Amino acid sequence: MDSSVNESGRVVFMNGNLVPESQAKISIYDSALMFGDMVFEMTRSFNKVQFKLREHLERLYAGVKILRIPLQMTIDEMEKHCYETMEANDHLFASDDEHRLMIDVSRGTLGIYQGVQGLHKGPNVIIADFPLRWTVASMGSLFDVGINAVITSQRAIPGHLLDPKIKNRSRIHYLMANIEASSISGDNNWALLLDPDGFVAEGTGDNFFIIKGNTIISPEGRNILRGISRDYVMNELAPQIGMKVVEKNFDAYDVYTADEAFMTGTPFCMLPVTQLNGLPIGNGTVGTKFKSILAQWSSNVGLDIETQIKNWNIVDGKNQSDAPTPYRFKK
Amino acid sequence: MDSSVNESGRVVFMNGNLVPESQAKISIYDSALMFGDMVFEMTRSFNKVQFKLREHLERLYAGVKILRIPLQMTIDEMEKHCYETMEANDHLFASDDEHRLMIDVSRGTLGIYQGVQGLHKGPNVIIADFPLRWTVASMGSLFDVGINAVITSQRAIPGHLLDPKIKNRSRIHYLMANIEASSISGDNNWALLLDPDGFVAEGTGDNFFIIKGNTIISPEGRNILRGISRDYVMNELAPQIGMKVVEKNFDAYDVYTADEAFMTGTPFCMLPVTQLNGLPIGNGTVGTKFKSILAQWSSNVGLDIETQIKNWNIVDGKNQSDAPTPYRFKK
Amino acid sequence: MDSSVNESGRVVFMNGNLVPESQAKISIYDSALMFGDMVFEMTRSFNKVQFKLREHLERLYAGVKILRIPLQMTIDEMEKHCYETMEANDHLFASDDEHRLMIDVSRGTLGIYQGVQGLHKGPNVIIADFPLRWTVASMGSLFDVGINAVITSQRAIPGHLLDPKIKNRSRIHYLMANIEASSISGDNNWALLLDPDGFVAEGTGDNFFIIKGNTIISPEGRNILRGISRDYVMNELAPQIGMKVVEKNFDAYDVYTADEAFMTGTPFCMLPVTQLNGLPIGNGTVGTKFKSILAQWSSNVGLDIETQIKNWNIVDGKNQSDAPTPYRFKK
Amino acid sequence: MDSSVNESGRVVFMNGNLVPESQAKISIYDSALMFGDMVFEMTRSFNKVQFKLREHLERLYAGVKILRIPLQMTIDEMEKHCYETMEANDHLFASDDEHRLMIDVSRGTLGIYQGVQGLHKGPNVIIADFPLRWTVASMGSLFDVGINAVITSQRAIPGHLLDPKIKNRSRIHYLMANIEASSISGDNNWALLLDPDGFVAEGTGDNFFIIKGNTIISPEGRNILRGISRDYVMNELAPQIGMKVVEKNFDAYDVYTADEAFMTGTPFCMLPVTQLNGLPIGNGTVGTKFKSILAQWSSNVGLDIETQIKNWNIVDGKNQSDAPTPYRFKK
Amino acid sequence: MDSSVNESGRVVFMNGNLVPESQAKISIYDSALMFGDMVFEMTRSFNKVQFKLREHLERLYAGVKILRIPLQMTIDEMEKHCYETMEANDHLFASDDEHRLMIDVSRGTLGIYQGVQGLHKGPNVIIADFPLRWTVASMGSLFDVGINAVITSQRAIPGHLLDPKIKNRSRIHYLMANIEASSISGDNNWALLLDPDGFVAEGTGDNFFIIKGNTIISPEGRNILRGISRDYVMNELAPQIGMKVVEKNFDAYDVYTADEAFMTGTPFCMLPVTQLNGLPIGNGTVGTKFKSILAQWSSNVGLDIETQIKNWNIVDGKNQSDAPTPYRFKK
Amino acid sequence: MDSSVNESGRVVFMNGNLVPESQAKISIYDSALMFGDMVFEMTRSFNKVQFKLREHLERLYAGVKILRIPLQMTIDEMEKHCYETMEANDHLFASDDEHRLMIDVSRGTLGIYQGVQGLHKGPNVIIADFPLRWTVASMGSLFDVGINAVITSQRAIPGHLLDPKIKNRSRIHYLMANIEASSISGDNNWALLLDPDGFVAEGTGDNFFIIKGNTIISPEGRNILRGISRDYVMNELAPQIGMKVVEKNFDAYDVYTADEAFMTGTPFCMLPVTQLNGLPIGNGTVGTKFKSILAQWSSNVGLDIETQIKNWNIVDGKNQSDAPTPYRFKK
């Protein structure tokens, strides 16, 4: 049995119970595994305090509604369970760890499979809680050299066919784009998806921005996930530091001729994008505006985001950037 | 614990072991649950003999290759495990049951989650084996009245964005189309997807055909799954009964003006489609050509397909068509 | 002869003459009946005073120009004839009636049919004048429960193929969408068209809006009719009550996550949209912002719009909502 | 009154009655004039014998069904009324005239306009019968010089938005294309529509063909009307003279490099297309294959089609090509 | 030999040398002639002072970067060579002439053709300098009557396929559109391209604007060249005279219903567009807003732009508008 | 001066004259350099006998016609000049060389540049003649290992925007795709373009084929150049060896699941494609069907095509595959 060993001690909320992390599993008859039919959120803490948890949950519940998952749990109950789960795990987290929650809601076992005995009835609610460093340990050096965004032949799926604004698990095309990006020569390649009209859409789990002068420009919130971090940059950080924000359609030319570019994502907050398809954006180094926005973010949350990630990068004196990291299919 | 009871005794092949059906589960950290990153096949037997199993496995392995899942198991080994699984379960199947196999291959735990202890390393291979009647018990009456195909506002995703020819689990849009079809007045509604160009593509797990004169017409094998049943109709049954087969683009007008229409799917083989959007196709009754093709199929496999399904329809004297059956979100 | 009886006494302006309503007819050889080649406007009065008549006529003349109909009548003459027609009919209108004008301009008899004797030469100009209650008698209850907007598989035709901004009679696709909407379970379904890019476009004779916070959001004025009522809401009512207005592309997700939604149309002014595809918008009841805008409109025109329509709803103590009303193919 | 004079004596079938041609009119409240909601057919005779009348009526009834017009009249009754109408008019036709029938079916008065008194209840059925020469009198010289097909910026509307295969009256875009074609320098310009993918679709009332070697090539029957004449060429004439027929997508390049091209339409049967956008097709003269096909047609119907039209071209010694003929907006 | 005579005395900068104008030639083996692989700019002077030269060069260098031409010359060096070239030619320019620079950069000889002896190694840099009057001599009367913009069937290529924002020589479709425009009846036709979505894009070397009220509206800077003159109008002239500027998608309807329209281009600055497809825009005459913007431009640069061009129009008493001018394929 | 040395002695036909190869140049004022406005053909010989020269010239003249280049030279004259040029150069070709002709026709100097003295009047006709080995010297090893076709984010431009069937010089997008392909890890990458619908179109100068069983499948001749070599394979070689040929739309899935794949191009005739995006096609080695087709070609032309190219691969004992070869931007 795979599940016989669980050294971590971490537990996962599953439909009202806290189960060992290695036991957090979904039946193969669940709609999540039949149809990719699961909505989810992934959050993070700063100094162990959850950031924008409520906003994440509201987006989760929008997806639950639109996908018509008959979930009975209220958003307040869900929030409470998030805190219970963290409380149960907190003693296992190092002092410099952060809580990364993964909240999954699936429709549950489809009717025709109700002949399978012993399965949970109704939607599944799962709340996992693990160290944020897992996700970002290899990213520290990107704050210095920046990402090379590469436009893949894989394009974003438009919202009227499969809506990226609903954060769900039917997303193998993001993985395919990651694999494609890893086939490009050079390090630090991250996929950048165009939508079918040729406009820049998003990364495969990240939002993309360019900066021209004092203006931050983001793709229209259409064929992209509307990231919580994206909203934070646009609606809180930019005003704090006096930058203007515009949402509009733009394409590769605008990126090539921008002053700076960056991506946002919950685990790393912001990373600089210094190249597009191997060509420098601006002067090809990490931009000053990027640094200002990130500094404001660090200030707001009371810790140095970049330093924290860089510190996680060193494990037992070994730089994690050199470790095998299949998540983005880095060569 | 959900998994404490397993009355059926059926077992599922999981990475080399046969585990109780209710224990056949996938970790929430698996790529299958992160990205809908799992290829699969679902088969059936006739008189307990698997039908076109090798063709199903070849399609499975095409998907494994294109999605670059580093599966080590050969197709011959996979086939052997299918038979082992059925052998282990066969004594639990009623004499009139058929084996429905569900074969899943996922990429496995993504690198960043390798901090979770006790998980299987590498791709997951799962072979479940359950009674076919689960899937088709409510379909018997459709052989008499036919399906009402309804064109949904949800359209098929074109193959260059998310290829339906690779049978994978990122398919929530099929479920959404089913829900949409269930909102239409009337019974027996099944969703029929148009592709973005407005051509008829496929059902949400079924292939669609029209008949004009002596010719069976199927959409080009482009924005659809190329069903094993579809191939069987086109390349074996049609020649046997002297019908011509054409693959071409067609649209709703062609369906409205066709003589007959039908759908194919592994569990039910073929079902007549007697209406489109509530309007009769041909004279609105089950067509003679349909009956001829199905009769040939029954003859080839040595059992009456329609009768078998209709018999399953009656459980303890209760017609299953009236039971709650969420699979197609029948009202 | 169909036209032998005309109890109403109402007259219609036809090419300079006032003819009985039942005699207001167009030759089958007219371009209007050959090609759907007719531009039109439909207006209403408040307390028998025409509302935005000049704006309607200006839109009419834009269509006349672009379709190159060789109309000789000036816009001032047209306006005068509108008033003459109302004057001739006014004594037949009940005290609580309103004048609904329908102004049609067709190209006239095509050259090849000039062998038909006795037909009018040149473009036809027709001004009909009938009680507004005909159109809205069944709508009263919608002010309380709201419309369920349903996205149909029928999509809007983009402006470069057949421009919806030119109000013309080649519009059978609107009727098809109405029929499709009537096939959905539930009452109060009105069709909502997406454009081919998947953005929300318009209803089939109505403009659609959502409200988020203090902002009214309308689709860009591209693949839609630019309604006179829409302009009034955006440019006059919204400023009066301190709301912001934005035109932008949005899709179903934005509607599902909006606070409120509504439609505008000349006969009913505004109706609340409380559901999309059967799911609640906001809390699923008529919104306070909607009520504020409508109240301002009522105030501006000096009558309670909602009450007037609800009163028309009762005819001889019979609620018209239950009467057969084929216009929107209500079941 | 426009209708006071009717010198011709011809009558039109209207809902069971034969009325004078000038009285064949539709109420402005009819769905035909509200929504372009009318299906129709236009036929012709050869030596006063109707050609393919039943095929025309079958297409008409397909449209009636798809548009869900609640017509009670059977196709046999409709056919009978066609013959009755011709019989009533035949004594008025010159010995060298042919009967052109125009058969219109509209949905009738919409429910909300049932306040108008004296209107026909239910769908309207109209059968007009007039001399074919009206339509083709100016076309005689085209048999010698050929049409210059001009690709307009107006494109065909794809079938999933407004199906050209249903012959209906929402077709103002055809008229717009005709007007656009008339703005091009040179005589004999007929509009040729591309579909939105850039493939050649059809003329504005005509089907288009090219010939390469011994093969007649026609656009796929998708974004076009599937003409009765087109079917006759493809399925009867081509086999008779040993030519091969292919339906496929092609574009302007294929026309420029074809050997010959032609258009088909009911009134004129076939006309040669000798130029595309002013450049010669083949050697720029009327092709021998065209002549062979037309000769076969003439032989089959027992009269010389070209000569008949040319003879109609001369009226009182005046060549009709020079007369004002707004139908195609010839300059 | 063609090149034996060079009466003008003008010289062209070619890779460091000044050569006679007639000797300014590119090898047939150069990538510019193999792939249309050359970026370029064309500028003008006012009173012999270059206008926005640096902006032109920056756009040039953006193209060089994106097309990955391995140019070694810095932008400062390039600018210096521009001035050297003008200095060498200036004595040959009439007092009322202006310098039009054409700056070309090609990739150079492709590797496989390095067997050809005697060719320049590496990218070619060419700076030609000729009298502006060549380009605009026939345009004087357009300031009085305005351009008739004609929408061609040739559409703009979207930026993700071949980016018009990179000013390069793969642009035969612009020439094809010019030829198409010349086939339309009437004088003063200039092509206006729609993009594939049907929005107004640009002329074939000019940017297009409409004016409504006090607002100048320009297509979004997407499927168009972002002209230096366009930027000047939007960012400098409009503010100077108190007009508002908006970039948005618009279509033919908006042009037909605009108050005014105009085009911008480096050689002529601004020209009024008084018709679209032969229909008047506004009242069909040159608009007052247009005149104000142009007056401001003239004021800023210290010469009357319109008068200068009109004066060039007269050569030896002969109006150049009547001369053969193949550039726009004027009939 | 670049042009001072010309060691080769080869001459080029330019507008009636034979000039030294290094003098074969086009004025910067020519339409070819202004608009990429030049049609061309590139041919080859076998044993110094031109192959399908007439077919190449016919395609050239189709382009001349459609682009409306006012060329006076007849196709027979053009053919004669090709032979004259080869005759003049033949003594300079090694015994194992082959003649590669490059035939260019440009529109000539645009009217507005006729102020430049000493330029050729009217269209330019250029015929260059150089050793075929230049083009193919590095390709020998590809016959053994095969091409890795890589799908680029750059897509083919559809024919209605810029027709690839007209072989012209506005083709920088092909070069961009080559550069993109060179950024992928691994050797032997050649770009494979999808059209905007996601179908496989062509390479950037090559046609693409797959083989399934005994059938050769080629994309429909729509968004591709219809290669002379493609035609030869489909219409002459395939019948000779008893293979079937089908033209149809296919996508990446079909390539991944094909038995074999190959590209055709005039210089190399045929090369095997053994991988798509780094994944094996069939078993990933050069296929037997490929070898049969190539063997037939070699037999037909009387020389071993593969051996000839491999021999050219060795120059002075140095394998040219290792040499810098910028044509396909091989790393």
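Observations, loosely collected:
Order of writing sets the chain letters: A, B, C, D, E and F. Residues in each chain are counted from 1.
Rule of thumb we're sticking to: contacts are C-beta pairs under 8 Å (C-beta built on N, C-alpha and C of every residue); 3 or more make two chains touch, one makes a residue touch a chain.
Protein identities per chain, from UniProt: A, B, C, D, E, F = branched-chain-amino-acid transaminase.
Source: prediction; values computed, not measured.
The set of chains touching chain D and also touching chain E is given as C, F. Residues touching across the chain A-chain E interface largely differ between the two copies, under half of the numbers being common to both. A repeat of the D-E interface exists among A-C, A-F or C-E; more than half of the contact pairs are identical by residue number at A-F. When chain centres are defined as mean Cα coordinates, A lies farthest from chain D. Put simply, the C-alpha centre of chain B and that of chain F have 46 angstrom between them. Here the spacing of chain A and chain D, counted between their Cα centres, is 59 Å. Annotation: 33 Å between the Cα-based centres of chain C and chain D. Chain contacts: chain A has residues 68, 160-161, 194, 197 touching two or more partner chains. The list of touching chain pairs reads A-B, A-C, A-E, A-F, B-C, B-D, B-F, C-D, C-E, D-E, D-F, E-F. Those residues of chain A lying in contact with chain E across their complex are 194, 197-199, 248-249, 251-253, 256-257, 279. Every residue of chain B that touches chain A in the complex is listed here, in rising order: 1-8, 12, 15, 17, 21-22, 24-29, 31-38, 67-68, 102, 104, 110-113, 115-120, 126, 128, 130-131, 134-135, 137, 154-157, 160-162, 168-176, 179, 196, 324-327. Residues of chain F that touch chain D in their complex: 62, 65-66, 68, 158-161, 163, 165-166, 197, 220, 222.
Within the complex, the chain B residues that touch chain C are 151-153, 180, 183-186, 194, 277-278, 331.
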